[in-house]
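Take this structure, written in structure tokens, and hold onto it; I'll ask about it next.
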């Protein structure tokens, strides 16, 4: 690794300050405002007594977990037009919400949500890089809160979570592998990885892209090492918040 | 007036607790989280160096003020589907954002925003009645904050606001005229009024509806009296917040 | 009031010539071509043996009344693009049709339309100001005609109308309060009110806006006086037409 | 031909009563309410100082003629949902408006409309079979009226029409070839033809379909003979109306 | 007829080389790649155990045949944007797929497809004029293949086809009537006819248009003669392919 | 690894038969029908003399590469509804086409496509697992063909490709890591990886998902080993095809 310092002075393997403020949206069953530095995302989990139509059509038992991701128009420096006014959701948002949903379903036993859909909404209030990893990390906290409340209320009899999940980005910034990129780093990075792992250290999703560049085996090894360290720390912070 | 108490024990002419938390969305030029009791709305103002196409087409000088209103899916007790998934914005939301925009333009000199659009977004975080009046009241605070910052930054040379605005609902609840209805009152009300007024006591908008009922001259007089009292108090709270 | 004459020479408290031509759309259950001066609107009422899905879902009994409003492309001096080609209905149209529907429902006992939806369509053939008030005034006539025919045909057993409704605009035109504004007056008006009242003199809806201006208590009183006079005359003309 | 009488007692080669009421939509440049028996269509022509984008892009000179066709919701016995609420225009309507536009362009010299688009809107007020042929026949009258007014006003220097057009349907109804089918005949017809011809007797469009059936050379000859007779009569009625 | 040779040296009454390559899309029940010279269309027939909603609603018995037509973006010399990105299907495509569906239904006994929909998709791989006639001609082959396989599989008990269909274009190219126009001829043609006929020589659909021109009785006779000759040859080629 | 044989009898590290048929869509600048066993995709590259609007708006120099992916309705065993009829593209398709575009841009020097967009369309003709990896592998071949033709035609002066790319899937099937999963394997797989690499052995994209399961470091190492072997073979096959 080189000596070029990170824009905000962090160590290469250092997360931004991470906080979880519970109860941001009191009408949700569980909600949290998660911050990864200046990236702030409202994560809210709600339950609906209904499953997607295809489950009924195909006779699939159990429940479902569905995620939605959106950037509020004022979350970016230049105002971002609302999807509804463009007539369709933007491709990046669709990709991210599919990732959040898949990640949650990897650690949830859908048979323990019989006849219900657990919705997890992630609305970005302030964007400064890593909105998808902050969303996943916060989504788990909001969903776990919701699940605990639903058990207390007798809606669920068992906790469907088999493990926790957290996510972090890693990337190559001026030839150096760094953890948890903020927006300026993300813009300049030649390789960009999003890693989702369980609390027990298994991989859930790995999405790495060379963004108009490519990467080697050695870089992959380094990046995954940083990601594991970051996920470990996030898992501890999640436990503390719950 | 009868003796039937209000569900939350308020006097008939009493507002819910009103608060303004500035800076909720730091990437916006001005932002505030406004609360009217349990109704909480993120109001964020951003500036764009561009005017609507029709202004250029028709050769209209000056700038523009545009508002958008949306309920976050987890703001209601039953999750509300996002507009983008329904393929279009819901009619009620369109009506409300048109009202917010008209109200702001009534007290803004558009010639003092040359070549710019001031966007004011209102996203409801928690809905408990009066989301449109909380939105207008918060929208003014966010917009005034934005305008002051734009003047400090030299983007604007004069403050385009000619006056402040605030809004409150009044209605007839079991034959009694009451101020600032919460959701249970709103559901039961036979007459529902939204009143927008300036800080100096002029009317900006008056929208009264009998909601499957009708109302008399006397009721109108009573309701407008309550509204004026409420707006006066909101105006003081806005001043304190700025 | 000042001495500035109205563009078409009317007294300040004078309606435009109002006519109702029945039977304009013979396949509808009731229809009328209503004219307020040069503003002409086709109003047609049709019945459907079906209620909106939400009524069934929520177990609401009775029937429903739904209104649709549209400006034909050639109703304005410059051709107005059809909504379907823009991909969505314009916000102003949505607002107006919601107003028409609410107004009709205020005087209809929905329990007397069991299992039916009464549709009232208002298509503007020629626009010269006051299209929404002409629409409401004509919608009542078309709906009453439809209801009488449905009673004759044995589809309905009782008349669901509890009262008649009519609507008129009032506004401040060069500091003078005037009744029933035509398009040139509407463009120049600083305050614009739409008032919907029952035949027996109760308010149904009151929508007043300062259109980039504001108004005082005194102006409000004057405007409401004019509106009541106009509604009284319209109610008589409706009776004569039925 | 058999002896089975037509439902409305007409001869096999007899048109329904045809009328043209001019001025139905006074804000249009030319307009007419055309009736073919109980089929009534508002035809309105308006001019716009603009050509379609593709003409500019491809450097095509001259002007353009564009038609739109729509059935008003109350034109049919069962209310027809508006296209904008279905989110898209129905396929049949698109097909018909493309036919109207092509037919008009066949007799118009587009070089004599330099820089302008002539819009012709056809809105069906009452549908009883033959709405597309009534639309074309009325569209020509409205467009010719508009063109004459535009010449009077100095907008156009020459009349771009090279000929008139009219249209009529013919079909096979219980093995008999008949002219100008009304709705009950249309429903029962095994072969359905729409024929557009010029005033001077040339074919413009010929659309024949077996509608789940087929037809022979002899039937084709008979049907075209009836169509020519009908078009001749419609052409005379158009001349009288102009 | 004049002596001006056709661009590709064909006789006036000569088809382009026509081929049918079966099995282009093995997951379909029947499929064929049809070529009319350089025009190549993938035709694929699939069966679905479901009928359109309106059939159930109206209590119509039997099955249905539905066609879809689309030009692949790379089928034309200049890339054609996909319909889904324009947000709606283009009018020409809608018109063509309605024609394909109607044509197939004219020779199919829908009672012999009880409870099923037969979908026929036509995707143009290379466009050089006559894509709709090649589509219909290939659609029949793909559908007949599908039907035979469904009978073999015991899904259908009888062959619902009453006859075969084929289609060809004819037109007037520099005052000469010619058969099966390719793209350069189509562009220059003053009259353009699409003729659909059964294998036994009955007409199914006749669509002739003067494309900004008109045509006479004599031209009509000549064109229909050419079309019959072409259809006869196509019918033989279809038989050979099946 | 266990002894459970693969459904089609392949070795765990064995690709399906891979073929490239050039010229499938002759109007494209370059095209190929790629087959990975029964998965067949039409890949077509076309050039457009235009860049996306945002490049002009942001003053970005060079050209662009854009990919589109779609499954033809008859590519699956149960017919898949066209996106245009659903009103929007499905989320999975958007995700895949974004991946194809990013992958191509990773090995293309956009400065060598000045002012042009290279479109690469991938339409799935038959789906049997691995449609996205077959698409990327074929997209490179089609694009390289197009680029060579554009250089021959003098449209491009230099070849913008810096390297080749190919893609393959790997996954865990009943506890065994296998290469190039077909549809039955994909359905049953607990871990699913898509790997995009350059001809020179660098990573371009790595997308691994536990699909309702998780995976370990060791599994990751095994899977990447298989992927590298597969990509190496695909690269040789691409070279042979070009």
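When the chains are written out, they are named A, B, C, D, E and F in that same order, and each has its own residue count from 1.
Rule of thumb we're sticking to: a residue touches a chain if its C-beta (ideal position, glycine included) is under 8 Å from a C-beta of that chain, and two chains touch if they have at least 3 such contacts.
Everything numeric here is computed off the predicted structure, so don't read it as measured data.
J.: Among the other chains, which touch chain A and chain D together?
T.: Looking at chain D and chain A together, no chain touches each of them.
J.: Return the distance between the CA-based centres of chain C and chain E, expressed in whole Å.
T.: Averaging C-alpha atoms per chain gives centres 50 Å apart.
J.: Between chain A and chain B, what distance separates the C-alpha centroids? Give it in angstrom.
T.: 33
J.: Would you pick out the residues of chain E that each touch at least 2 other chains?
T.: Within chain E, residues 87-88 contact more than one other chain.
J.: Put in order round the ring, from chain D and then through chain E, what are the chains?
T.: In ring order, starting at chain D and going to chain E first, we get D, E, F, A, B, C.
J.: Spell out the part of chain A that touches chain F in their complex, as residue ranges.
T.: 88, 91-92, 94-95, 98, 102, 105-107, 110, 163, 198, 202-217, 220, 224
J.: Per the contact definition, I'd like the list of chain B residues that touch chain A in the complex.
T.: On the chain B side, the touching residues are 24-28, 31, 38, 42, 44, 46, 48, 68, 70, 72-79, 82-85, 87-89, 119, 121, 123, 125-127.
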